[in-house]
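Here come two complexes built around chain A, the first alongside chain B, the second alongside chain C.
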Partner chain A sequence: MTIGTEAFRGALDAITRVRGVRGALVVTRDDGLIVADTLMEDVRGNAVAALTASLFSRVGLATGEAGAGRAQFVHLQAEGGLVLALAVNEELLVVALAEAGANVGLIRLEMLRAGEVVR
Partner chain B sequence: MSRTVAVQPWTAAPLEHFISEAGARLALLMTPAGQVFAQHGFTRAVDVMSAAALGAAIVSSTGEIARMLSEPRFAELGHQGRGYGVFLAAFDTPLDSLVLLAIYGRESSLGLVKLFYEEFVEEIVEVCPEPEPRTQVLAADFERDLNASLAALFET
Partner chain C sequence: MADAVRAMAQEFARDPDSLVFLRLGEQLRHRGDLEAAESVALAGLDRYPDLPEARDLYARVLVDRGHPAEARQVWESILAVEGRYPGAHKGLGFLAYAEGDLDAALDHLETALAADPAEPGVIEALRIVRTTVEEAEAEQVVPAVFERLDATEAGMLLIDRRGRVLGGTLQRDGRSVADEVAAYLTGVTQEAVRAARLLRLGRWEWLIAEGELDNLHVTAPTEDTRLLVMRERSIPPGRLAFLAAKAHDAAREWLEAQRP
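After this line comes the complex of A and B, so read on.
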């Protein structure tokens, strides 16, 4: 069965319903391009997609060199918020952006559920 | 060591910024006719000439396809290979339409190149000089300009 972009967006909607989440995206790992997104208006989705995919790739190199295997989940805590990225498969990432005080556990749970849909 | 060389000096800083941010390995900024304004990473004049000619031909071909479809010019073209990707895009400036050809490896991505291409266009448009009145182009002038450009690009 082929999953359409609408199904991806539905999965992302569940992430963005968590309090404090500013957006969620499905991103291609190699290209850093957006497959589907639900974002607040002030978020530059293409920039987030490209830079997060690049970050994930580099973190994967670091975890590999550290003997920890391939990166599966990246949690980046910044001054004003969070960037979370989950590897769904060899091709796609689910990315979530959230405010600093957001419930990371709940967001992660919804990202995993979205990953099941996307996969 | 690869570096950026510009025939048109105002193009150097934006191209260097693009290269450093996008992680492209090779880049060529030129007119749709293939006149090179700046290059990064090429070490031989013949490679620049070939890339410029091929890039200009692709822009021309896709432009014609767009015309047949009653579309405005295609904005960007990406072609991903196993180890390298090619990004080709034409954009308008007050001076002329320009074309950026960028080759990137696996350390970069199409998304990064597209992202920093947008910034590159903004920077180029900002520093672009006012156009000069057009004069008739003679074959002798064209050859002289071409040789001067290649000499500037490779400091021969």
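After this line comes the complex of A and C, so read on.
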């Protein structure tokens, strides 16, 4: 995991280069722990990781019950920002925190690329 | 809460015979760590296979993990030994309600209340079921909330914040899953609200979840309601958002019109 963490961070750096992104993380799905992160100083990484993993878990229950299959990507939009989470595999999520008006398409693209690295 | 969970986990590791696993499993469940909650519940069951509280915890975790049939078996196994155990009746009442079997839900919840008249969860659940029964009897007409949209009602669901369906339908394998999805959706939006607040992002506005087969869009037409629009994955996210925005406005108008 230690060897991979540097590669993860490189992939996360590409996400944070998109304008408006305040942080990017690789997070464990089960317990919301940070595996790697690149964050602005005021971003509370542990909170982002824990809350996003928890949200993703609940979304997964809903998509499963609705017959939509396993959750693969979640976009939470709020007045002052947004959270994106991409399921990389059964164990990890790539998460991005951004300002409300950020280019979601571009962030998503970089998250998918990061997902390839993490996978 | 994280400290409390850690302390309980340490206590359980130090003394595997301790009953602290009951509280630990419940806390993990509440914060959505379902795999951890299941591990704790199973470890507790290993020590106390006949303890109703241990089985009850395991059953609740099973429901959260989307295995209601297995949870039903566990609760029924409790009742086979202890016929009035309130937790099992409460759980079976919830499953019956989710399946739309309101009579069975009332039976179980009233039995649970008789066994433990002060349990607030049962009192609230019973109130919800009784209200649902009264509403179903009073009005058999499905609200025409989506009739002005270009799509049918299928794949749209309007619910109140307690997870009760107000309009729309959702089918899976030819049967309605509206009630089940409504229940899970309540948890999703509670978590979305919590995440937005704790991350200082302000009020949550909407959420899109992309599944393997379908995409879901969830928004809040009013403070007390949630709207789900579900479409197959081939529908572009932008179009889904457009459709959801139209449904959101229609639902808001309809809800305004319902006010006394």
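Annotations for the structure displayed:
One rule holds for everything that comes next: the second predicted complex is superposed on the first by the 116 of 119 C-alpha atoms of A that agree within 3 Å, B and C clash if a C-alpha of one lies under 4 Å from a C-alpha of the other, contacts with A are read in each partner's own complex, and residues count from 1 in each chain.
Note that a contact is a pair of C-beta atoms (placed from the backbone, for glycine too) under 8 Å apart; a residue touches a chain by one contact, two chains touch by 3 or more.
Everything quoted here is computed from the prediction, not taken from an experiment.
In the superposed model, A:65 makes contact with chain C only, not with chain B. Legend: residue contacts after superposition of the two complexes on their common chain; A:77 is shown touching chain C, with no touch to chain B. In the superposition on chain A, A:47 contacts both chain B and chain C. Counted by residues of chain A touched, the larger count belongs to C, out of chain B and chain C. Shared-chain residue A:55: touches chain C; no touch with chain B. Once the two complexes are overlaid on the shared chain, A:33 sits against chain B while remaining clear of chain C. In the superposition on chain A, A:97 makes contact with chain C only, while chain B stays out of contact range.
Common to the chain B and chain C interfaces on chain A are residues 30-32, 47, 50-51, 53-54, 57. Of all residues in chain C, only 2, 31-36, 64-66, 170, 172-173, 177, 180-181, 184-185, 187-188, 191-192, 194-196, 198-216, 230 touch chain A in the complex they form. Of all residues in chain A, only 30-32, 44, 47-48, 50-55, 57-59, 61-83, 97, 100 touch chain C in the complex they form. In the complex of the two chains, the chain A residues touching chain B come out as 27-28, 30-33, 46-47, 49-51, 53-54, 57.
Of all residues in chain B, only 80, 108-112, 114-115 touch chain A in the complex they form.
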